[in-house]
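Below you'll find a set of structures to go through.
Next, two complexes with subunit A in common: one pairs it with subunit B, the other with subunit C.
And now, the complex of A and B:
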């Protein structure tokens, strides 16, 4: 068989975001990945900063003075937001991936209902819980004296 | 012949001729669309009246064969059971080949990788009684509940829509993808199958379901309601349970042939078949 020329058409990262009309779970999937990467970045930075303690008191005080700036406070709050989302969405994913929230297989009868419909109420509850924790955290971060 | 309610819709079709074009491009065709016309008929109209070189894949025209999967207004679906007026926006319809597969020509994707992965994950019943399988003495004994465990997943027509929609498959060519995994689960959970350990050796590794994090897009776009995402999560569940030595599949004996005491005669009230119209039939 002669070799057919093909044009590669894999979506790549674009495929994470879809076409804007796709399901909400797709965006949660993407956010879960992005927040996961964000938390990992924070973790690495955290190690770098706290390791300054090993270099002596002076180095430590200087590092603390830098990260005490308001921009870092906002950054820390963003880390907290990422954490809240990642934790609650992760809880949903654990339950879904263990088949607890997917429902049993059923014969497909139109209009089809899928496992997405089964887990959706729980997804909404988890997102509300995440939002509440984010708001409470924001109050604590910005309005309570430390 | 223009029907009542016919309106013009612009088909913006992604074209690619491997012998001529360096890259795909979009071409517009204006198609008169009566109510009820499906995308596939629109493509036929273009081929018959405007450009005979337009290529796509088609066979059954009724949502059974899985040939005509394409990206219609951003959503992977079957051209033969999607009505134009349901999906066109402001008189515009974008038609492109299924993404995540190489393009062979115009709207024809190369589904080879799907079939390769599909066959790699053992989409068939594996048992030790080869003679019984080749020359069955009777049917295997499977309850209605056992049947329901996998029935939904047998409706797959291998159109590739789920693979085109999957964000993991979009970035990771090593991921098996929703279609092959759903079919692997369909056979793994079938009570007539006796090869759980063999399947596990494949599925617990790289080819398995672990890169899936439930974007759920495969189930949202499946034109047959197969719900591959459900199959993949249930597969993870079985593999995790098995890892914890709690799974039932490792102990399951494949269903045997219907025992004689379970055999029932014809149910009452079911009429006899009409006389054969062909001599020698039956």
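And now, the complex of A and C:
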């Protein structure tokens, strides 16, 4: 199998934070990666902590008492926020990848049509949906007693 | 990304869609049950993480199996995503192999731990309810 020619990644991680002439989607790309890394870090710890349920009620209750402090509640809400963003932005990315939101290729005849005409309104809808879920979660996290 | 990575990327996307559904359900039960009045999966009241509610769900085979599917999809999606990010930084071939091996080992190890926990918790919950 032929090896793909690799070009040096001159900007490295710095390239995540400079959108240049790219649009808002470039910053969503950065946020998608940052939230993904945050969610992965939490997920790996979550697997270990929740495995305590296999050791029975006492072990589980002790584990939940350890992570029940207010600081953990705020941290858990941040994970929830990251989940809401990553999920809705990820759905947008899948639909773009599958070509659903990019439309069919057409001749460049004036007035030009851009895939952004479909993709960007959908992006706005997804971000509003993510914000609604974040607000609902925030209400449950901080204003409803559990 | 090489041509060899194309099937892995497809699985990355499929895993993302599986996570969207199953993690959405998990978040609905754990963090939105109050506002959505979706508390059927926490019949003991109080918090969804109280042992009585955890044991109630652990006894249901649907939750055992969906937890394992979510675990596998989450580990693959997350660790493959991390691998792509690290590879973009252009590590030498030796380091790339080491990263791949380490992430594979981590994924398999945590999958084994999580699967063991899901089945053992089910056994513990069923044994407690039959007493």
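The rule is short, and it goes like this: the second predicted complex is superposed on the first by the 113 of 146 C-alpha atoms of A that agree within 3 Å, B and C clash if a C-alpha of one lies under 4 Å from a C-alpha of the other, contacts with A are read in each partner's own complex, and residues count from 1 in each chain.
The rule is simple: contacts are C-beta pairs under 8 Å (C-beta built on N, C-alpha and C of every residue); 3 or more make two chains touch, one makes a residue touch a chain.
Small disclaimer: the values here were computed from a predicted structure and weren't measured.
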- Item | Which superposed partner A:106 touches (first subunit B, second subunit C, both, neither) | first
- State whether A:115 touches subunit B only (first), subunit C only (second), both chains, or neither. first
- Message: Touch test for A:9: subunit B only (first), subunit C only (second), both, or neither?
- Response: both
- Would you sort A:96 into first (subunit B), second (subunit C), both or neither based on which partner it touches? first
- Counting only touches as set out at the top, which of subunit B and subunit C does A:65 meet: first, second, both, neither? neither
- Tell me which partner A:80 touches in the superposition: subunit B (first), subunit C (second), both or neither. second
- Could you give the residue numbers on subunit A that contact subunit B in one complex and subunit C in the other? 4, 6, 8-9, 12-13, 33, 97
- Note: in the complex, subunit B contacts subunit A through residues 16, 18-19, 23-24, 73-75, 97, 99-104, 109-110, 148-153, 155, 165-167, 169-171, 173, 212-217, 219-220, 222, 224-227, 229-231, 233-234, 236-237, 240
- Message: For the complex, give me every residue of subunit A touching subunit B.
- Response: 4-16, 18-23, 25-26, 28-30, 32-33, 93, 96-99, 102-110, 112, 114-116
- Item | Residues of subunit A that touch subunit C when the two form their complex | 1-4, 6, 8-9, 12-13, 33, 36-37, 39-40, 43-44, 47-48, 50-54, 56-57, 60-61, 64, 80, 83, 87, 90-91, 94, 97, 133, 136-137, 139-141, 144, 146
- Message: Which residues of subunit C touch subunit A once you look at their complex with the stated criterion?
- Response: 1-4, 13, 16-17, 19-20, 23-24, 27, 31-36, 46-49, 51, 54-55, 58, 71, 74-75, 78-79, 81-82, 85, 88-90, 106, 110, 113-114, 116-118, 120-121, 124, 128
